[in-house]
Structures are given as C-alpha cells and as structure tokens.
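First comes the structure, then the notes that go with it.
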Amino acid sequence: MNSKLATLGLCAYIAVSCLVAFFFPQSVLAFLSVEASLLLLYYVAAPRRVKIFLGALVLVVLLPVLGSVNGYYLEVAIQIGIYVALALGLNIVVGFVGLLNLGFVAFYAIDAYLWAIFGSPQANAFIPGGLFPLSPNWFFVFLLLSIVIGALTGALLGLPVLRLRGDYLAIVTLGFAEVVRALVNNLDKPVNLTNGPRGISPISKPPLFFQPLLEFFGLHVTEAKLYPLYFYFLILVLVCTIILVTRRLENSRIGRAWKAIREDEIAAAAMGVPVVRMKLLGFAVGASFASAVGVLFAAKQVFINPESFTFMESIGVLAMVILGGMGSIPGAILGATGVTILNLQLLKGMSLWLNGLRQSGAELTIPLLGSYSLSQLPAQFEPAKYERMVFGLILILMMIFRPQGVLPPTRERKQ
Amino acid sequence: MALLELRGISKRFGGLQALAGVSLELEDGMIASLIGPNGAGKTTLFNTLTGLYRPDEGEIHFQQRSLLGMNPDKITAAGISRTFQNIRLFSHMTVLENVLVGMHSRLKTSLPGILLRSTGFHIQENEARRRAMELIDLTSLSGREHEWAHQLSYGEQRRLEIARALAAAPQLLLLDEPTAGMNTTEAQALMTLFRKLIGNYVKAILLIEHNMRVVMGISDRVHVLDYGEKIAEGHPDEVRHDPRVIEAYLGQGIWSGNA
Amino acid sequence: MELALEILPQVLLDGIVLGFMYALIALGYTMVYGVLEFINFAHSEIFVLGAFVGVEVLLLLQSAGYLAILHPLIILLLVIVASMVISGFAAMALERVAYRPLLGGPRLVALISAIGASFFLQDGLRLFESLWRNTFYLNYPSLEFLDQTVPLAANLVIPVKSILVIVTALMTLAGLYVFVNRTKLGMAIRAVAQDPDTASLMGVPVNQVIALTFFVGGALGGLAGVLFGIHYSLVNPYTGFIPGMKAFTAAVLGGIGNIPGAMVGGMMLGLLEAFAASYLSLMTDGAFGAEYKDVVAFLVLILILIFRTKGLLGEKVRESKA
C-alpha cells in the first residue's frame, strides 16, 4: 500500500516537473527539478522494478524530449554524463582501493588526444600519405582501443609507484599528469604531434550509421539536432556500462580485495590478497574508464587543447567523489551530478543574475551603512569564475564534517 | 613428518636482535603455544613466518616446501593464515565480507568470468558464501553477518579474526593472543573451539598467549622465547618447572593464572 | 660550444637565485612534514600570499608617496617583515582551521583537506584582489635601487635583485639554523619531530610547537614570495602551483624532514632547472627548449620518489609504528 502511494507520488512528481520544464524552457529551476527526480527515485521506497522503469523513462525518453526543446539541457546532461563516468573511474582508485590519484585527468587526456590526432587531419603532420582524418567509423574502434590503452597506461604508471606510501603516491600521480600536460603542450615540435597550445580541430564525430534507418521511418532530423541526442545516448550507454562493470567488480573477490587493501593493507596481504596486483588492476580499471570518456569527449568537443586537462580537472573529479562518498557508486553519481550542475547552472546562473543587477543600476540601501549602487559591483566578481573556491570548500568541509560523503556506501541487507 | 619446521631463524632490526637462531617444529594434529615475556620476539616470529618480514638467516619449511622469500599472500595460499595481536579487521566491510576476503586465494574466477557473471562465478560465489556462513556460525557470530566489522564488540572482533583466518582454508593457523582481554568464560569457549578446529578445519595451531591457564589447558607443546632466543621447549608441565623459564618470568606473577 | 661556455656564469647565477627561492619554500614543506608527516599542499598559496602582501605594501607606500622618500633598505625591510608576519599567521590559521581537526585520522584525509585549502586560497586571493584592485594580476612597482646591475665580468652582470635574493636567503637560512639548533623553541620543534608522544610527556606543548612550526614555515614561504615577486615583477593568485611543486620536489630531493636537505635540494633543483632552460635547446639543436624545464623538474620528482625515497641527505622522520 505504502509503496503504491510512493510510486504514484513519484510518477506525479516526474510528470509535473517535466511539464514545467517543457513549458518553461528557460528556467534552470525547472530543469533542476527534473534532475532531482532521479535522486528521488533513489531514495523513495518503491519496488525495484518500478524504480528501474521510471529511471529509464526519465533518462531514455523524457530528458531527450526536453533536450530537443532546449538544447542547453542536453548539453548539461552530456557534461554530467562525462563527469559521472570520470567520477566512477576515480572512485575505483580512491574509493575502493584507497589510493589518492591526483593525476587522473592524464588518462582522460591521453585518449582524448589519441582520437583527436587520428580523427583529424593532425596525423598528416607526421604520417605522410594524407590518410587522415580517419573515417568516422574508426571512432568505435578507438573507443575500444582506448579501454585497452587506458588500462595499459594505468598499469604502466602503477607498476613503479604502487609501492610508495599514500601521500607520495598522490604527488607522483600529480607529477605524471603535469608531465603529460606539458608534453601535450610542447610536442608541436620538433615533430608536430599535438599541435601544442593551439589544440586540434576539427575532430571527427562518430558515424551516423542509423541515419538510413531514420530516413526509412520518414524522420528527417538535421545533423545539428541529431548529434547532441546521439552523444547523449552514447554517454548514457557508456555510463550504464561503467556502472554495471563497477557493480560486478564490487561484488566479487576483486572488489572485496580492493576494499580490504583500503582498510588495512597488511591484513589484506596476510589474508591472501596479492596487494600489488590488485592495486594495479584498480589503477588499470579506473584509467580505462577515463580513457573511454576521453575519446568520447574529443569527438563531442570537435576541438581540444591542453587547457581541458589541467590539475583543476583532476581535483574537480576528486571533489565529486568525495562529496558523494568514497567507495559508493550512487555517491559518485550524485557527486558528479551535483558539482557539474553547480558549475554549469548555479554559478553561471548567479553570474548572469549579478550581471543583470549591475546593468539595472539599482540602488541598494542598507540601514546605517548608506546606499550602494549595484552598478558599482566589480565586474571581476563573477561566481562562475570561482570553481576552484567551490572545489576547495567542498574538499575541506567534507573532510572535516562528513568524510564519508553524502551517500556513503551501504552494506548489504538481508536477502 | 613435521608440518612446519623452522631452522635457526634470526632477525635483526638495527641494533636490536629480535630473533636469534630460533628453531621450532610443529607436528600434524598439534596445538603448540609460544610464550615469553613482552618483547621476546613472539610476534616477530609470526611476522617472519607469514612473510611480513624476511629473516636474516634461517630456513622455513612448510609441508616440505621452503617459504623463504615468499610474499604474504603466497604464504597464505600455501596454507598458513593468522590473526593479529592488535585486531586488524577491515572495519568498513561487513562481517560476511571480512570472511569472504579470507577466501581470496581459494576463489579462482577470472576477470571475464566476474564481468560476465559466468556460471562458474555463481557456483563459486554461492559456495564461498555458504562456507563463510558456516565459519560465522562456528565462531558464534550468526545473525551479525551484515553488520560492519567495527560495530562488533571486542570479543566478537577477536572471533571474527579467527573466522577470517579460517576462511583461507589453512593447514596451520597462527593465533596472536586470541584470548587477550577476554574473561574466563569467553576464554574457555575459545579453548573449546580451538580443540574442535584440529582435524576438522586445520591440521595444527600455533598460538601466542599470555594467559597461562589457556596455555596450560590446551597446549600439546610449549615453546618459550626470551630476548629472541628459544630458552625452553616441552610439555606444559615440564616447561613450567624449567628454571630458565621461571627466571625469565621472575617477579611477573604470571603463573598465578590470571595474567 | 663557445656559446655554452659564454653563458655559463649567467646560467649559474640564475640557478643559484632560483635555488635559494626553492630552498626557502622547501623549508616550509620539510619542517611541517618533520613534525606532522603531512604534506602541506597549501604551502604554495602561503608563498603566493607573501608575494601579494609584498606588492600591496609597495603599492600602498607608492600611493602615499613614501616610495620615493624612504630609504630603499627600510622599504625592503618593511615589505619583507610584513609578508613574513602575515604569511606566518596565515599558515598558523590554516593549520588551526583545516588541519588540526583532522590530524590523527588517516593521512590522506588531511592531504585532501590541504588540497582543498590550496584551491580555496587561490580563488580567495583572486576574489580579494578583484574587489580591491579590480584586477588580480599585479605588477611590483619598480624600485630604482633594485633595477641597477653590478657588472662583474664581461659575460656576467649581476642585478641587484639577485644579490638581494642571495643575501636575504643566506641571512634567513643562517638565522633558521641558529633558531632550530640553538634555541629552546627550536629544540622543542626537533623533539616533536622525533617523537610527539614522548615530547608531550616531557612537557612540550605539542600543539603550540606545531603552530610555531607552521608560523616559521609560513614566514619563510612569505619571504620567498616577496623575493619571487621582486625578482619576476608579475604575480597572480595561481603562480604558486609550479614553484610549490618544485619546492616540494626539492624537499624530497634533499630528504623530507631534513632542514639542510631542503637547502641542498633547492639549490640542486634550481641549478638543474637553469641548466635545462639554457642548455636543453643547445644540446638538442633546438628540438627541445626551455619549455621543458618543468618537465625535467617533474621527472626528477617522479624518479626521486620512486627510486630514492629517502632523498640525498636522508629522511628525518620518525620510524612509523607499523
């Protein structure tokens, strides 16, 4: 009875929030409330099947429909997807294995550049024959390849460093990421591999292999409309795959070994866990997730340069994992969604609002302090430019007040 | 044929000779105790035996196989597992998960098997859970399998360590002060459990113990360490009357039975 | 080859100046690591804060018209003392707010908080300067006295700025040596570094000693900031990251926790960087140039951490109680 009520409530909420977002496409709040329905789904005590159905309904049908009304929504959803995938990858390393990796973005960068170089004319600069850009069909090959390359680079970096104690490991991974970024930045000579700070463009998008099918059904969608939807579904599939893989690893001897290493490395070794091998595996799996996202990111952006792969990016993803709760899959998803929305919508929204105030030139009168013309608000004061402050606050406050995160890992209930 | 054979094990930390040529044999079916004053090298011997330390000299043979240079996880796979003096459970994992970690070396599903949830995976996982529950039962922890390890009481945590060590299906079980901090009833219950383990779950037990009532009540053989050297060995009654042992313990009142 | 020899004195001088700056910053990392076994990731921002305090003091003096009147040495003294004091207190405050609640917990928790503090301070400085000066890229006002040069040889001209860095750093390092080895407070710091529990039993107020360590480390960082600002003129809130990482490298290179080690490590890294910046391009016929100096520094960091964790002069941290 109770669960029926909950189901009804959920359906009603989803319907209302979607309608609102549909009719007020400019409202950030309306869209936020649609996004919140997924969180609600997680919390409400409805039957599992109902939850999965409603979740799929929101993600597969409602969001894309809303997104085709307002493309910005879809863009936000894609960004969230990218960060969810990255956060889930880092969660394996930091949350499960307990190793602080401060250079996670390096893996993401390496494979983003991999597709950028070969999926654009860039590779012609060092491979003669004018073979490039490769045909878009290669995108999927590179996506698979990136998983292997990511795992290999992860293991390659891990091999020498995994014996280091925790804080040194963190600094080495940071150094590694900085070296990767500096190389990407400077390898435009002597041979032009990466085109340096100017970046690479245009990068091929994935093939529209299903277009004939759409035509067959009489649907004529322009490419400009189709691509955002396409990327949305690609990232959705990728995220779902990553969640599935993570869950399956978590509930296996591998996941248990990871957590045991996190809790007590010596005891884990004494219980028969091959510590170094398991750490390497964790590094490799996390890196392979980031790598796959990297390829997708390059294809979506069309243009990439080293600026997208800074230390701040690594810390941003770390903040997501920590906010959500280390070692928790729902936590990583929530953290990534929350921080991305904060960055893309709330801070930008505040910046716009402040700009509006500034232009209105209204007078703010505070008793005893006199009045202040809002047009005098310094133009430098723009919340959207203070991402670092937000990340920093998240990290400090969470560590002091709630180190286990907003959605800490739950234990298995009785079956 | 001895199950475990240590020959002249020495270990030095800087200027401290922690172990000086310790030899020891353990037969199948035996419960042996390792006693000695604090700092005598008992835990160091355990750490050397389980691969946490490399001995400077000496040989370790387990079932006719040398264990020298093996990593801790390999030694566990070879059939020796242990508990820790200061409890080292995986606190943010459930009781059941703690025991399942102990089975790591016995589970063989490959990565693809795990990702694709192969039939083999399910069979192994179900069997592992069944065995884990059996061990949880054996250590009187049933009903608590889904609690976090850190939520258990002190005595329960000690028992969980034993269950976790048994999960590795060892031939030889090393227990580091298993009854520390327990009252007489709890210690008695553990002694009953240890006797039950021999022959059913493990071939032999070696324990470090300060509680002489436990040592005298349960051991087939007692080895005494002092300043890293083995000063006596024998049947409990012989050892307790050995003048060197009495000297080592002099003034500690340890034989009164409630130390 | 001739060119290589010709620029050698200049390269050495650059390296030494850089080396002293790294050494000063590295001391902050190494002293805190010595007492807490904790990487104070936000130390690079304390360094930047010092640079900003310096430029603010100079700008304030300038706008009040004192810059032209006061004796340059007094100006320098004012600037240096102000940045050292403010950076020192900022480091103490940082310890109180962001680290002390976490010490005793897992090491990584405090490290994550320190990274958070680093990011927070970067944007905090930016926000402050944006509101205060409407820009957060600040230029050090030029002091005539400092812009002079002293010609030593045909191919070596020493700017007064470089002399300032070298002299100030040497004096500070000597002072620090006396402080740590000859005073009661310094002894307390060494006692806590060796074994905080015993030190506490012996009546050393451990928390206050930790605070003092942060103050001293922060003050040295602030001094480095001023010298950096005077030497390179331009500062922004994000300039700290790279010098901070390099100074940390220097600390590890010399053996973390080891005070003379930090000086040696800083000097080596400074020289290495100067050589990389000048000679890499000569050696590779222009294929790789000065832009790789950061890569070289980071590679040194990675290699040292992997292959010689204890640094060149040996680590001075307590035996971990496994």
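Order of writing sets the labels: A, B and C. Residues in every chain begin at 1.
One rule holds for everything that comes next: contacts are C-beta pairs under 8 Å (C-beta built on N, C-alpha and C of every residue); 3 or more make two chains touch, one makes a residue touch a chain.
Just so it is clear, the model here is predicted, and its values are computed rather than measured.
J.: Taking each chain's centre as the mean of its Cα atoms, which chain lies farthest from subunit B?
T.: C
J.: If I count C-beta pairs in contact for every pair of chains, which pair wins?
T.: Max contact pairs: A-C.
J.: Central chain, going by Cα centroids?
T.: A
J.: Between subunit B and subunit C, what is the separation of their C-alpha centroids in Å?
T.: Their C-alpha centroids are separated by 50 Å.
J.: What's the distance between the Cα centroids of subunit A and subunit B, rounded to whole Å?
T.: Taking the average C-alpha coordinate of subunit A and of subunit B, the gap between them is 45 Å.
J.: With chain centres taken as the means of their Cα atoms, state the distance from subunit A to subunit C in Å.
T.: About 35 Å separates the centre of subunit A from that of subunit C.
J.: Which subunit A residues touch at least two other chains?
T.: Each of 266 in subunit A touches at least two other chains.
J.: Taking the complex as given, what residues does subunit A use to touch subunit B?
T.: Touching subunit B from subunit A are residues 245, 248-249, 252-254, 256-257, 259-260, 262-264, 266-275, 281, 327, 409, 411-414.
J.: Residues of subunit B touching subunit A in their complex?
T.: For subunit B paired with subunit A, touching residues are 50-52, 71-73, 76-77, 81-82, 84, 88-94, 96-97, 100-107, 109, 111, 114-115, 117, 121, 125, 128, 146-148, 164-165, 167-168.
J.: Which bits of subunit C are touching subunit A when the two form their complex?
T.: 38-39, 98, 101-102, 105, 107-113, 115-124, 126-127, 130-131, 134-136, 241, 245, 248, 252, 286-288, 291-292, 294-295, 298-299, 301-302, 305-306, 309, 322
J.: For the complex, give me every residue of subunit A touching subunit C.
T.: By the definition above, subunit A touches subunit C via 98, 100, 102, 160-161, 164, 166-168, 170-172, 174-176, 178-179, 182-183, 185-186, 189-190, 266, 311-312, 315, 318-319, 322, 378-381, 385-389, 391-397, 399-400, 403.
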